[in-house]
């Protein structure tokens, strides 16, 4: 018996949980686990359930749609592996962590390919028998380079693109192809130290804690909805290169965590925020 | 319009959420927030909701009881201040934190009294105009002392007794008067360092992290259901007295946190574990 | 036999530790503990030692000064209680924590007075028999108000002024009276969320971690040298008021920690950074 | 110009730092960084320095030895890569993290070989072109198996053996070959949950925090000197398998951290404790 994931969001109104559980009950389905959240300020309802039983997805979806508010979004699908592509530049720690977790079947994902603007990481990716596409940006302007990257990505049917230290800024034009489908790791505790070389910024400011932030990519650099953050302590003995070294563990853990949450359909995005069950 | 808290636990069976939400819906009540958890291993269902609307508590409870499994426990009550007594010995940090939080109305509680086996903390408690009962254990055996303490406690109608560094072991006989109603702070990361002087034990073992644990008191010393834990880093420069000093902040934060959870009816106890919503 | 604290900073040069330990050795003094740090980038040496023995402070200082670089700062003094004044507005949690720690003799300080622009906290301070000065800012411009506050402060011989949630911005003119002597708690993880209502800013940004920062006050709002920071996890269920409530524990712990470090002469300030031993 | 690491430990006496810095100064050497610690209780002195300049190691060691207490241990050596062997059973996360860090040259080590009692991890190790020795324990008693493992290990000149989830208990006879040279990762926050399946133990106890501990291996199971520990929060929703999964990140980070400290000669062992600079 398979496990299904039901995700619903809509404007809030009375009796939504009653209506959902009513329909599931009458379809003889079992709720293994459910979470809901109402954002009272904006009047918005979010719901996620793990369901077991003989699911007729089309029928259940139809019945739900009939009794829920008009603006409802419903997804009901068997829990399966998602297809992902990882984009990198030259650093291996985030990529390597995802490759290893995938190798030991800890990730609910198929890694279809790795795309980079350099070829430094090809030998590592080759070890795991995953296609590596090097799309150099040399002698290309941003638009030209992004077009070539897009041509590679479009060969694949992808659920999520993971920017595992891909160090080029993406244009709005590029981002709109994968809205809420691109997850980036930024090497600071956002919104502190937006932009280039956050460890150097942190060093100059003299902070006592540094961090990393995984977020969906939207139009504005480093301003997309945050999925996961973590921090570590530093002190006056840390040069910015020491911070950079120490930060690698945080970066890889935060990104892996965010990717796992997305792969398990546990993340809702609303406006600039995430709701995570 | 008041806010009510509904807590239900029972053996798990199909459609429980549907049945609960059905009854609430038909009573025209609104679920502001609900959490549920099924412990599949032991087949047990736990549910908590914040409810608004015109609640007829007796009627709703009756209707719920009729459609739920026979072993159901239901409580449905307006969210009000709980009555607590704090027990201490000589250390002021946990007591002081609770007194201050209560003074600034951050605790959902009335502190009815403070009970101690010493009079050291009377001046501090007097500042906050709370009755202080000193029940010295001198020249008394354990049973005699506990009888005198009990005589004091029984003057009050109490929801929770908070052992805020009360340094005497309580007998089973005493504990059974307040099952699941006594919360203790133990100054170690349980189950490490059960018993006397855990900081000295931690120092001797050479650990790199120390902690504190708030738990319900049951028959077995330091083995009751854990509500809250936290830790801090230490290193080789910490003597056990340094650990003791550094640990005070952790102790008071962990205890306050556990007390707040209990005061807001967010804790279920089952066997030796807590479910916290 | 008393314990002395020796603090030295100067431009770095060869053999500094040798020269210092040579002089201490020849004065028959014992180094109980010493820490040093060289900031290689700026060529600056920082040193702190706990010294026991029959200290002739004047003689030792003179000998040190003769063999150290010209720009040396030396302080050698018996470890004694510092004099502090606490400034507040209306919130009690940071103030209360310091009052309690001082009451139980955990702070190496004499609290000379509490100064506020409101009288809300007078009853709490009165409990601890500490003078409370209310200097209302009503009908005064900033300069006029600061002049009145300064008149109060100048009555006291103070080592540190602790801004324990004093919610008014201080002018450069005011700050220059107490350079490196005023410690502020800012209710965010600086440099994120500078300025007003950082919890609301954090809520709007949708962060997953919030924090607090204790720092020396300099000319630029929230940009002084950071002494201590800490964070806690939040999630989508936190309103900004929930963040504010949860943040109180972090604020008081971070401020207390920073104050303790300063009171024990463990903090050097250089430029916009702190070196903490 | 090379960087040297000087490590000294001996019984404490007056003027040790003076004597050391005197000798280094007269040999025209520069102390880039030094740390010292005196364990006053046991009267023991620990010192570590990074030294630059033209080091005549033999001469400096001789001069140090002449003026230090008789029980002194001195090591003075160029900072070079250490030789390590990794031992594993079937789990890949700790091994994989070390392989990746070594691949990207973040570890100060040569991984000479991986030794396992199973062949499951051979394909992963082969990817990184490192010799893999499978020494099955099938049909062998402990002594026989250990003899065969030892025969493999003795082919190599090794500085440290890393037990990266090697799930067999090692006899005292085995351990004595590599005293203070074997680092193990235990999947609990020691001394809580010594022995088999700590995650199951943690689940049964209902703890709210789980952790991992890296320690030197000595005669007594899970009781060797602790190098590094870390923890993560869990709640009632975690089955023991969830804890096990979540714990993997902590395990690998804690082990990597401990290994890095050892590889950089930053760890002293004394009795059952570590001093870490």
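Letters are used for the chains, namely A, B, C and D, taken in the order the chains are written, and counting of residues starts over at 1 for each.
As a convention for this text, a contact is a pair of C-beta atoms (placed from the backbone, for glycine too) under 8 Å apart; a residue touches a chain by one contact, two chains touch by 3 or more.
Fair warning: this is a prediction, and the values are worked out from it, not measured in the lab.
Superposing the C-alpha atoms of chain A onto those of chain D requires a rotation of 180 degrees, given to the nearest 5.
At the interface between chain A and chain C, over half of the residue numbers appear on both sides, which makes the contact a same-residue one. Put simply, the C-alpha centre of chain C and that of chain D have 38 angstrom between them. With centres taken as mean Cα positions, chain C sits 40 Å from chain A. Contact of a single residue of chain A with at least two other chains is seen at no position.
Every residue of chain D that touches chain B in the complex is listed here, in rising order: 37, 39, 41, 189-193, 204-209, 211, 225-231, 235-237, 239, 272-276.
On chain B, the positions that touch chain A within their shared complex are 14-15, 17-18, 21-22, 24-25, 30-34, 36, 38, 40.
Residue ranges on chain D touching chain A, taken from their complex, read 91-93, 96-97, 100, 103-104, 106, 124, 127-128, 245, 248-249, 253, 256.
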